[in-house]
Amino acid sequence: MTQFINFLFLALGLGAVYALLAIPLSVVFSTTGVIDVAVGVYATVAGLTAASVGLPLGLVAGAGAGMACAGVVGGLYLLIGSRPKADVILLILVGLLVLLIGTSVGQAVFGVDPRSLGGLRSAFTPGQLIIPHFVLAAAAVTAVMLLAVLALLHKTRIGEEMRAVASNPQAAGLCGINVRRYQFAAFVAGGLLASAAGILLGVSRSVAYNSSLVLTLLGFGALIVLGIRGPARAVAGGLAIALIEVLSVGYLPAGIATAMPLVFILVVLASGRFDIHASSRP
Amino acid sequence: MTYIRPYAAPLVVAVALVFLTILPLSATQADTSLTIGTNALLALSLGLAFGQGGIFSGAQAAFGAVGGYATAIATTTWSLSPFVGLVLAIVLAAAVSWALARLIVRLSPLALALATIVFSQMLTILINQNVGLTGGYIGIAGIPRIPGIGATYRAQILVWAIVLLVSIGYVHLRDSIQGQALRTIRHDATLAQSLGINVTARLSALFALSGGIAGLAGWVYAHSRLFLSPQSLPLGLSIILLMMVVVGGRTTVLGPVVGAVLFTLLQDWLPGQQLQNALFGLIVLIVMLAFPAGIVATDWRAVVRQAARHRRPSATELNTPTAKVTT
Amino acid sequence: MSLVGTGITMAFGGLVALRNASVEVHPGTVHALIGPNGAGKTTLINCLSGFLHPATGTVVINDLDLTSTTAHDRVSKGVGRSFQTPRADPDASVFAAVLVGLYAQSPARFLRTIFRTPAHRRETARNKTAVLQLLNRFGLAELATAPVGQLPLWQLRLLEVARSMALAPQYLLLDEPAAGLDQEEQRVLRNAIRDLRDADVGLLLVEHDFEFVRSLADEITVLDRGEVLARGTAEEIERNPDVVDAYLGVADDQ
């Protein structure tokens, strides 16, 4: 029983991290209609940079690197998506290409070995329970970020305009809202959250050049599990995916355990719940 | 002439095959030819799924891996003949792709693409984790050669012969009522249904065929490289296959082959992976924005005409004096 | 032997498109379904052909209950349909567009096709003859190699009828085939429909225009706001006060 509760804590921490990947996906999707498959790249770049630079400067360096990547990729998407001949296939290919390039650049710059940022490796142990420090840190960071995002979206003028862009870009543009700027901002802000995810992973486990794909897929899974609507659902989705991962590794044979979250994501996809008509909105 | 015209693409491949057979190739050249051939076969399988069925599959290399591992395990662990491995490779890869198709074929393009990528990653994990069966990330070595084929030199002839056969089959499919049904599905699935076409079943069958061909490519790979690991046919290759098909011409038979030649040669010539990937990205962007149908499918005569019209001033412009004469 | 839809109720969210609607089509007859826009005519066709599955009601074809079958299954049971907006790939040739209508009948398999077996070749030849016959029947033979996109609307409609006939249906549901056609073109279409009726096909003709169906229909059902308002011959419908109130008052002015 205590083992089960320990697993739950672990899932809480991981779930918080996946949520930090799912929220950017959600925000970017709402404002641009694009599923940014490069989100894992931002997290990986941030984590690797932070691990290389070391605390405390690494936090800033990592975040900066991640956001810079997000900005570049976002700019690329907006540039391509605005051309009349752009179609879904092209945007998907571009995203996959960024994933590919991100992985190989990561390998070139940071090498093949996983890197980690020591610091949050130990845990509280009240009685039989194990509550890793990173779980609390991750939960705290995600809670703060989620509240900040929700507050921004629902309590500020900027957030109001952002939501206008999300619900109808054409109309928002006609109202004088600078749609491009908000879409770009969505990418960069998302980059910040993804960077936080990468850094948290670097602090608790490790990040390697090939983490990008897995992180993107897990973030995407967290996004679609409970429906794409809004950052709060993304968080819940993150917890769900993390729970599946932790419980699988804990209770299932090693041969299939690590694949289970992906199996789950595939099943969710196949059920047709993620039923978007992906469009390349300008 | 009208009988030959549809076979234009296989004819090109046949000519290439003849040259590859009679010309004396160095070891590196034979090796490159083998790589291009295997990639061409995988690209053709994607061409079928994507070009004919509209299925944007990021799992073709994964299906190749299924075939490759099937035969590798059969011929090493169980010491069966590579020809038994051939049947296993094709059947297993076809079965897996059929099952995946039944799950995802109704999804929107983005969801479908992501599903194939999720599947590809799943497979990589399963291969890595089940060390007893697959040798984990170290892989399987000592895969036997195909009797009679032997070294790389003959293997590359074999693979191009297979490419030729597949391209002929592709032409037959494209020009048949089956091909027309697939085109109808691609153009308007609702119309297809109203004509009694079971869209899900057709696309699943097509994807199974495509998966089987990818499995065949995996079989060739395993028995010519004699070594197989999760790095042999990774997701990265699946993504490059997508680029090959899109750049070459997704609905054509020759397009995927041309794309395979182009990208494989570039990979060989360009130093460093970052440069390769960056250049690939640039090529894909340019082609998709300027020639969205792909290299083989673009009407080049029209393009040249259009360009010529922009460059040369017309005859009337040349004869008219540019300055107005004032009185 | 008939196509019978009984008690069909179909709702989209809060909007009830059809309420307890019924219709019966017999082979060798033309049954017209008329009514104002939004009456639910297309919805009824969608329910009969399997594109929509109604909340209540049954669809029975030749005593077989097909209410829960898919659209493509119903084609094999003898139901063909057309759409309000013509659907055909503009880049395909007229020949190819009609050819695909034969698909449902041909036991074509991938392997036979890929290896181009003698059986496949025989079937291809048979199909070719059948398509040319159909094109001839509807006056499209000279246009066999022309791209569909070049056809004017009325020939597009004929193409759709030809394609539907390739299915060898017992019942054909046509959704406003006369829309957008002038008098002369409508006349050609009417003749084509009569031709089908004489070939023992049971036709359900959805039409907005009463004049088009008056000389054509053996029986007329009037739909209004999802419900069957009246049913009978053209004369009976014209004299029905409810119908005149709801609908024909407008049509008579045209």
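Lettered A, B and C in written order, each chain numbered from 1.
One rule holds in what follows: contacts are C-beta pairs under 8 Å (C-beta built on N, C-alpha and C of every residue); 3 or more make two chains touch, one makes a residue touch a chain.
For clarity, every value in this text was computed on a predicted model and none was experimentally measured.
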{"item": "Pairwise touch network: line, ring, star, complete, or other", "value": "line"}
{"item": "Winner on C-beta contact pairs when B-C is weighed against A-B", "value": "A-B"}
{"item": "Chain centre separation (chain A, chain C; CA means) in Å", "value": "50"}
{"item": "Distance between the centres, which are taken as Cα means, of chain C and chain B, whole angstrom", "value": "41"}
{"item": "Centroid spacing, where centroids are CA-atom means, of chain A and chain B in whole angstrom", "value": "31"}
{"item": "Multi-chain contact residues (two or more partners), chain B", "value": "none"}
{"item": "Residue ranges of chain B in contact with chain C within the complex", "value": "169, 172-173, 176-181, 183-184, 187-188, 190-199, 205-206, 209"}
{"item": "Touch list for chain A against partner chain B, complex", "value": "35, 37, 80, 83, 85-90, 92-94, 96-97, 99-101, 103-105, 107-108, 213-214, 217, 220-221, 254-259, 262-263, 265-266, 269-270, 272, 274-278"}
{"item": "Interfacial residue positions of chain C with respect to chain B in the complex", "value": "49, 51, 70-73, 75-76, 80-83, 87-89, 92, 96, 99-104, 106, 108, 110, 113-116, 120, 124, 127, 163, 167"}
{"item": "Contacting residues of chain B [partner chain A, same complex]", "value": "56, 58, 103-104, 106-111, 113-115, 117-119, 121-122, 125-126, 129-130, 235-236, 239-240, 242-243, 246, 272-274, 277-278, 280-281, 284-285, 288-289, 292"}
